[in-house]
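All remarks here apply to the structure that follows.
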């Protein structure tokens, strides 16, 4: 039996004005378990708290009911008071007789009556309270960053600079991501490589960072602070530790006609290749599907010319296991396929290209060495049409496009148009737009400059059809402002294709039990207040995997994610919330209902041995809650058909006791 | 294999060739086309309006007939195919419409879009297969550069027709390859020829037809094939200076049933 | 409900199209092959029907110029289906008594040696009730 | 004989993160609502077992209202979606038992909606008062 003390606060006249506090204290005295009851002007003051501590000692109290303001206000205060008095902090319940009683009711008898009932409910609950201790778990002081684009690079650098080891897993042979493919960046027009490649070098040289390039995450187990991750290092048939990146093998390889992914397939690369000059790690990789040595056992030229002896045709995929305290997802984006938008003739003409392809065409390291030349005949285009929102903002074409705005296209199109007019003033540039969306620092000014200073023609309307005919692309479009249809014979058409999350994101989300939206973007723990955390504890989000983002936004989110990771890794131990679910194994029937509703993946099933009454043993499948992962929502408790699952601090019998007390 | 067949008005009059070659070629490929008895004109265009019932009944009758024989319903003319497929789709998916139609028809068993509606081209691709068609070709049309003209009725609306990619179709190109010729892909192949508006404003129809032919020629076609009598009429009437023929004619030629006819 | 709203409701019900879905991108009018012949263009049909401004559409020749080629329906990013709206307006016109655009008497002038039956059938369905 | 004015007994379950805070805000703003409403704090609306609601009716409650975060705003991401589905089932069962539909309700009240909380409670109490005492589900053995 509990020995409960009731402490009724006046809160000056805030409570005492409409509640007869003495009557409340008196009425609660006769409740079961109550051995002491009193009132005081300001229970939260030092004197009030001292009064509580003294009362606990004098009366050997085991539980406290404080009739005062909202628990959202002073629950923590009174829990500390209880701890000072030598009680478990969770033996305290608050009856909210201010916000939910004295402040909303005007008449003293009514307020008093309700305060008594609220007090009774709290007493009924405390009678069933049990001491709770938050669980503790150790923290592995190492972070994993999945994805080596600008988001992953920035997050890794920030975490590593704080002194924690970081591993980057990148599926491509080099880090750098999409930003490495870009030419200039809006709105300042600094060159992407000039600002990115130094960061890539920093990553390579940072003693706290390891890069697993040409690798994937194969398995994730564990929970916040204690993730066990298996990384698959794909065979690249080149020993990374020996390769010097000299490129002799690349020059000698006879299989030269493979589409170069880095240049969006607009030129070719050999079967053994280094994606680009500033690649990190600068190590060659053999494309197993293109190499005749690997396919037929004939050739071996690269091995012969390699002075470092780095070529290894027998290399196998390698699996590495490592422990991490935190995981950052930075899997980024891709442009969507233009296959289903052939009214724009992307499949019919080489001169209809996506904006990312245009980036490569204007990049000094690209297939045309930075000269703007048509892919079909290498001629300089004199009339260029840009089409915005291709595949973005599509409602009824789920299999074709995306319902959301891709966010970055308005700005990069303005950049492309402006740069084209700047470099080639003899080129006529027309941009078709639905809306020009430029909410960002110096963004609208940038767009207006493209129009006013560089003479880019912006037409409010949409291209309806593109017909390649001979050397030209016949563009048919609407001009809504002038209410006319336009016909332009263009030399080059650039499509601002929608962007989508990388395909690797969904299987990864499943491994991490991190939630995603219908578009496969990762969901944040709270859209406003926890934008870089996944609802799954210990998993953080960086960059476009969470939603379309430009570079400045990505970098700031990457930094934010890093600071969250640092905050976690700084701790030696994680203190959990003790109000979490727990399963009564004797009642659990192993049905998995709780596992399915848990938003955090905190529940797993174990095969456990039980002693039966007849002294035999039996193996049964029972639910097990991971205390470090459970957030205490209670969804499982209701899903459980056998009543085995309960929530500490808000147990079934406690809530029922409150209901009973109120309904008495 | 037997299939129900809806020839349509034009195939019985101005486009007899389209009909005849279609049947003969199908025979060679092992499919007998059984003409629906007492079929009525499809109406030429499908009225999208939700409150039109009567204009869709002839299609429903043909569909019910095919259902009773448990056969797919094949048509060659793009217009007939479009009307029948859209009607069937409405019978399957628009319960209010289907209910009204079924009450009107007052047959023992209501019709709810059970029949499989196939265009002749779909029959070739999905029931015969272009590979086996290729094996039956006795007279490959080598060296011919052919532009397939789809027009609008064959492909749109794609949510209903679901025959091919509406913006980048390949079915006729595959046929052209199967009969030994070279397909020419050109952008205007799925744009309108001017259709029925040629009675309302012949100048508009001429502009549209000219653009189609010009584009096909510019991309290297020396011949255009089509499945639609109206497309063919508009292109020819507006002065196409390359041959515009029904696809079945070339098919019959390749399969050797047209020559036999001539000899 | 006033007459204007009634007409709007009628057009929307008959076409099964919700013009509110239009995001005013103009792709329908960018793709329309009959654009030059039309006084009001596909995107205007969506917008004017939505605002209930339908009388000018009814009075316009534009309803007879639509080719029903469905390019606008196929390419609309929002699934608005402008061609169905135009058809619904055209039916409002030709269903009026004596408002048939074509009569059987017009046929001989239209026909030549090669005219396919399909042309006459389609034209009649589009232009008469 | 003294005729006692009928006062309904209302149990309100409020999720800690949104609705309980909304109720506090109603208090901060001194927005009145009837004292018949007694609030029980739960971590999330999805913690509320339909059994609790039945228990309240059994013990003589005249109305039960369940308040949670707005859909999409749940502190635990998806808890209120479970609530919505579970309560839809409970409501159809109560319907089947002949318990008036108006006696139970689910409302989404955010932490910023103090005014909505008060208005909702006023309205709910009025609706339940109009129905009178809940006699169908009340277990007289529990009556004291």
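To keep things simple, chains are lettered A, B, C and D as they appear, and every chain counts its residues starting from 1.
Basically, contacts are C-beta pairs under 8 Å (C-beta built on N, C-alpha and C of every residue); 3 or more make two chains touch, one makes a residue touch a chain.
These numbers come from a predicted model, not from an experiment.
When the interfaces A-C and A-D are ranked by C-beta pairs in contact, the top one is A-D. Relative to the whole-protein C-alpha centroid, the nearest chain centroid is that of A. If each chain is reduced to the centroid of its CA atoms, subunit A and subunit B end up 51 Å from each other. Here the CA centre of subunit A is 48 Å from the CA centre of subunit C. The mean-CA centres of subunit A and subunit D are about 35 angstrom from one another, to the nearest whole unit. The set of subunit A residues that touch two or more partner chains comprises 343, 465. Multi-chain contact residues of subunit C (touching two or more other chains): 36, 71. Within subunit B, contacts with two or more other chains are made by residues 167, 191.
Inter-chain contacts, as defined above, occur between A-B, A-C, A-D, B-C. Of all residues in subunit C, those touching subunit B in their complex are 13-16, 33-34, 36-37, 64-65, 67-71, 73-74, 81, 83-84, 87-88, 91, 101-102, 106, 110, 112, 114-127. For subunit D in complex with subunit A, the residues that touch the partner chain are 9, 11, 16, 20-21, 23-24, 26-28, 30-33, 35, 38-44, 46-52, 55-56, 59-61, 75-79, 82, 86, 118, 142, 144.
Those residues of subunit A that touch subunit B in the shared complex are 339-343, 345, 347-348, 465-470, 474. Of all residues in subunit A, only 70-73, 96, 98-101, 103-106, 110-111, 113-114, 117-118, 121, 515, 523, 525-526, 535, 579, 597, 599, 631-635, 637-639, 647, 650, 652, 655-656, 658-660, 662-664 touch subunit D in the complex they form. Of all residues in subunit B, those touching subunit A in their complex are 165, 167-168, 185-188, 191, 214-215, 218-219.
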